[in-house]
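What follows are several structures.
One chain, chain A, links the two complexes that follow: it is found with chain B in the first and with chain C in the second.
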Partner chain A sequence: MFLGKKAEPYYSLKRNSGKGYNMKRVKQNLPSLPIIAYFSVLVGIPLLLVAVLSFLSRDSLGNIIFEFSLDNYKKMLDPVYLRVFLNSFSLAIFTGLITLLIGYPVAYFTASLERKMRSFVILLIMLPFWISSLLRTYGWTILLGNDGLINNILLFFNVIDKPLNMMYKFGTVLTGTAYMLIPFMIISIYNSVDKLDRSLLEASYDLGGGKWKTFFNITLPLTMPGIARGFTLVFIPALGLYFISDLLGGGNTMFIGNLINNMATRGRNRPLASAFAIGMILLVILVLYIYGRVAKNNKESLYQ
Partner chain B sequence: MKQKRFRTFYLSLFFIILYVPVLSVVLYSFNKSSSTAYWAGFTLDWYRELFNDRIILEAFKVSIEVALLTSVLSAIIGTASAIISIYVTKSTEKTINGLMFLPLIVPEVALGVSLLIFFSSLKLPFGTFTLVISHSLFCVPYVYIMVQLRLKEINISIIEAAKDLGATRWQIIKTIILPLVMPSTLTASLLALAMSLDDVIISTYMAGPTTTTLPVHIFSMMRVGVTPKVNALCTLFLVGTFLLIGINQIIGKKGGNIFEN
Partner chain C sequence: MNEQLLRLTNINKFFGNSHILKDVTLDINDGEFITLLGPSGCGKTTILRCIAGLESIDSGDILLYGESIKDLAPNKRNVNTVFQNYALFPHLNVYDNVAYGPRIKKAMDENQIKKRVTEMLELVQMSGFEKRMTHQLSGGQRQRIAIARALINKPDILLLDEPLGALDLKLRKYMQTELAQLQKRTKTTFIYVTHDQEEALNMSDRIVVISEGEIQQVGTPNDIYNNSKNFFVADFIGDRNIKEVKVLEKKEDFCSVKLGSSVIDIKSNRSMVDRDKCDGRGSAILAIHMDKMKISYTQIPNSLFGEITFVHYAGSQIRTDVDVDGEVVTVIEYQNDYDNYNIGDKVYVSWEESGALLLPKEK
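Moving on to the complex of A and B:
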């Protein structure tokens, strides 16, 4: 009754669009002060502290030495650490690609289901968000372990005669990360596919475009915003989910997340951890910049 | 026809892979043997052991306490922010949006470490307080987004009618806006509850020496080795999650449910 989707939104009611700093504007914006303060103090200042700390160093006891140096950043260029960056970068890229390849058909097929079935399938896709991420990671150790479920089944049917070694590899971490993040990809693509104007597809068929031709010339370009958004939403967390690489990778491959965590806790080298955190944030900014370029014409924000 | 069959096949296969890891955790929580190598028969021993584990019960208490406080705090801040955002100027609204966006795009490890450095330089004791504050940072934005979506649907004519009848801004907020956004606030606060209960990374840095949350404790258990006690604990967590979703389905009928946002 009070909610009309088509009604003019309340949003257009308010504002006084006059420029300049008059009292009226200050008064109008005053209520927002506590929120702005809350987030500036609790997110802004900590991030600034990290930036400052990344230029300092520490003594052998872990105490901070207040002296400007670029040592931490020089250390980051060390091949050992560059390797860590490369590992994380490729993990995030591959996670994006795998979730895209597996998730695209899921989103596409879901959009083509009848209404009732569709909302059920969407529920199935979203449900994992509500299941503990540790549990979902742990599930893979039960499946992939040397005496895990998959090895047991294969041994039982005599497909193999000794257990396959599937744990603690790059691929294991990749599997776990992609598994964790695939719902983001599917939902992003689904939103794009769902908005697709089906008459365009029919027009293409009528003009003699085959199934694949129509897909590559129409469906894919039109769902590009969803793909870009999904890729970004998957890429960013894939850089930092260190508990997955810890549990499934066993520390065999080092990723930035693990490194930052080790440095900040056991390593007691917060300045170096800070420098890596800054490096990681810069990588995220780069990805967001690319996303901004790709999705220029797309008005939706990343988190709608 | 052929395409439809392929569609059913693909989706079924996908959902099997999506849920098998979860179900296998549940299955092995009932296994008598402590190894996953074989099935030794059905048992509830691991659950019994769980309830005798003081550290786990303690961590559980902390988790629940933190999650409830986070959920209430985030609901209040998020809803207030969303309502305030419609009254301020456009540029201020953009500033709020940008700040809310920040905790969502900074990877959790980086945010966690930055909060660790921040709170330890303030010499604040780590524990429930730091946990709730840090969890609110990634929960408030979701409440904000969900309430804002709802606000956008409010029909302008009822606000104008109230204004014409002489209602003050505060009266409009109290009697019209708040009741209309309440279902979204409730749904979002359940989401906040679930996210707080699930958080591992930020909690690792924010937990105090005596106050760890359950996920942080579970993570340290998992690192040491696989025991069905972990499975039992995870299964109970899962049951709790489904209860939350059930509650949401009941109260959320009006405001759309969590899966729609």
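Moving on to the complex of A and C:
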């Protein structure tokens, strides 16, 4: 559309004209200084140390030898360790898929509730965050253990005659991880569904689309940004969470998080642990990059 | 032309405790351009949504070609809607938007669809825009795509919900003509919702005036404008002087009323007041179109005598306020017999007979 005059940025309004443009920018960013300092000291420096550490090695007592080597990275290519990466990767992918399948309907119906009910349901979804995640993971052992609640109920009603073995399996870890991360998926999708213009759905019905056709042709494509965001928010922590696989997996399946934890503590091999940590960070960056591409494509086609 | 394409019988609709539609009964003929006109919140959009199936009705029936469609889902009704905000699908380009209907209905193969889409885009003069995304279009262009998308299914009725509301004045006037021509060309029945009386008077074959969920009057634009049936319609349509008058007596062919100290005779065919109520004590509403009035300095029978209090020149028209015994009457003239009016002049105000209406005071 033709605009007679280009809109001027707000900071060049008359009342600010005495001050320089750059001064204004600096002033605007001033309040963010503490957080920048916080992150550079408490995240940046440790990360740098990890990166440096990953190129060093250790003696038999676990002391660091200050000598540059790529051995740690070479070790990572060992099939045993690649297997661990694969375990973590598939755990993260399955966690993403499960939380998506369960989270989408929940988010969809939450968004269609009336205002008061909606806030209440969102509160319920967020409620578990108020309790320690470690405690909640222990909760699952109480639920799933051989002498746990589910087995006891099934035994009591004679559905089974000996306890089902539900603990210390890949599926157990998957259940716990999905449970822990599903709120992120629900909230992300909820935001997308909530923003969806209902008149678009009405237009689809009006033009001859049934409920399902409308869902697949209109709702799903238009909530794709929420799905991508949710998937990323679930996928990344699922790669690294290690206490869930410790408690629910019993070490039967090895994941990167556990491996790093074991090497850094019991294994006394901090350089190797650091190399794995860097490997994981690279994996996360890759996922973020893919998400960035998806989000950008969506932005170009979906929004004005 | 088939008579009565669509028939609404005694439709009632509630939202919670509020009674949105009250016994709405209306027949719509095949091929006509009918406008639902009323202030915002009067229920006109709700009627449209009930016809489309986007809103259910609490009682009454909707008959299309004599068959009830009130329980059919919106996708099973052969009516299509042009939404107020156009509701174009933002993730689809123009071609895919227009092709959405036949594709989702699996009504034709891709070759036929292509032919139809091309035809539709030609109809709304948007050929060549197939690959554009909808956010790259101007308001008027989006409007055209919305119409093309709604017409591609060859609906029995096209429902238009204030489609010109978001456009600027000039484009709105242009699109009014376009829409009216499009309707004649496609021979599709249009049901058009608006709160803009000028739009309604311009385009429609018939107008339905609605207020507070009730139909006030159904008629041709001329009928609605000149022979308003009640106080609401008289007040809503056109610029009128609306004055409460005393009814003195009703004779064979006229009715005498008193405004201030002047006694005026209104011909019987311009009076909607019951004969029984003209007993000399009751009062009624006198409504006179401002632009059918005239000011003169010499006495004319059947006129009001007063003093000019305000003169406003607005290009082609002159608006003059005349104080008649404390009641201000506004006169709109396009030319006058005098060079100038002066404030304080004593004048006589008269009007064409067809410009005046005597209406009952109650609704």
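List of remarks:
Here is the rule we go by: the second predicted complex is superposed on the first by the 258 of 304 C-alpha atoms of A that agree within 3 Å, B and C clash if a C-alpha of one lies under 4 Å from a C-alpha of the other, contacts with A are read in each partner's own complex, and residues count from 1 in each chain.
Following the convention adopted for this analysis, a residue touches a chain if its C-beta (ideal position, glycine included) is under 8 Å from a C-beta of that chain, and two chains touch if they have at least 3 such contacts.
What you see is a predicted model; the values in this text were computed from it and never measured.
In the superposed model, A:197 lies in contact with chain C only, and not with chain B.
Legend: residue contacts after superposition of the two complexes on their common chain; A:207 is shown touching chain C, with no touch to chain B. Using the contact criterion defined above for the overlaid structures, shared-chain residue A:121 touches chain B, although it does not reach chain C.
Within the superposed three-chain model, A:139 lies in touch with chain B and out of touch with chain C [touch as defined at top]. Touch criterion not met for A:153: it reaches neither chain B nor chain C.
With both structures placed on the common chain, the touch criterion links A:243 to chain B but leaves chain C unconnected.
In the superposed pair of complexes, A:131 makes contact with chain B only, with no contact to chain C.
By the touch criterion defined above, A:220 reaches neither chain B nor chain C. When the two complexes are laid over each other on chain A, chain A has residues 301-304 in contact with both chain B and chain C. Residue ranges on chain A touching chain B, taken from their complex, read 2-5, 7-17, 25, 28-29, 31-32, 35-36, 38-40, 42-47, 49-50, 53, 102, 105-106, 109-110, 112, 119, 121-128, 130-136, 138-143, 145, 147-149, 152, 179, 182, 236-237, 239-243, 246-247, 256-257, 260-261, 264-265, 270, 273-274, 277, 280-281, 284, 288, 301-304.
Interface of chain A with chain C (complex): residues 1, 197, 199-200, 202-210, 213, 217-218, 221-222, 301-304.
Touching chain A in their complex are the following residues of chain B: 7, 10-11, 14-15, 18, 20-22, 24-25, 28, 35-38, 77, 80-81, 84-90, 92, 95-97, 99-111, 113-118, 121, 133-134, 137, 141, 145, 149, 151-160, 176, 180, 194, 197-198, 200-201, 204-205, 215, 218-219, 222-223, 226, 230-231, 234, 237-238, 241, 244-245, 258-259. In the complex of the two chains, the chain C residues touching chain A come out as 52-54, 73-75, 80-81, 83-85, 87-91, 100-101, 104-105, 107, 133, 135, 138, 149-150, 153.
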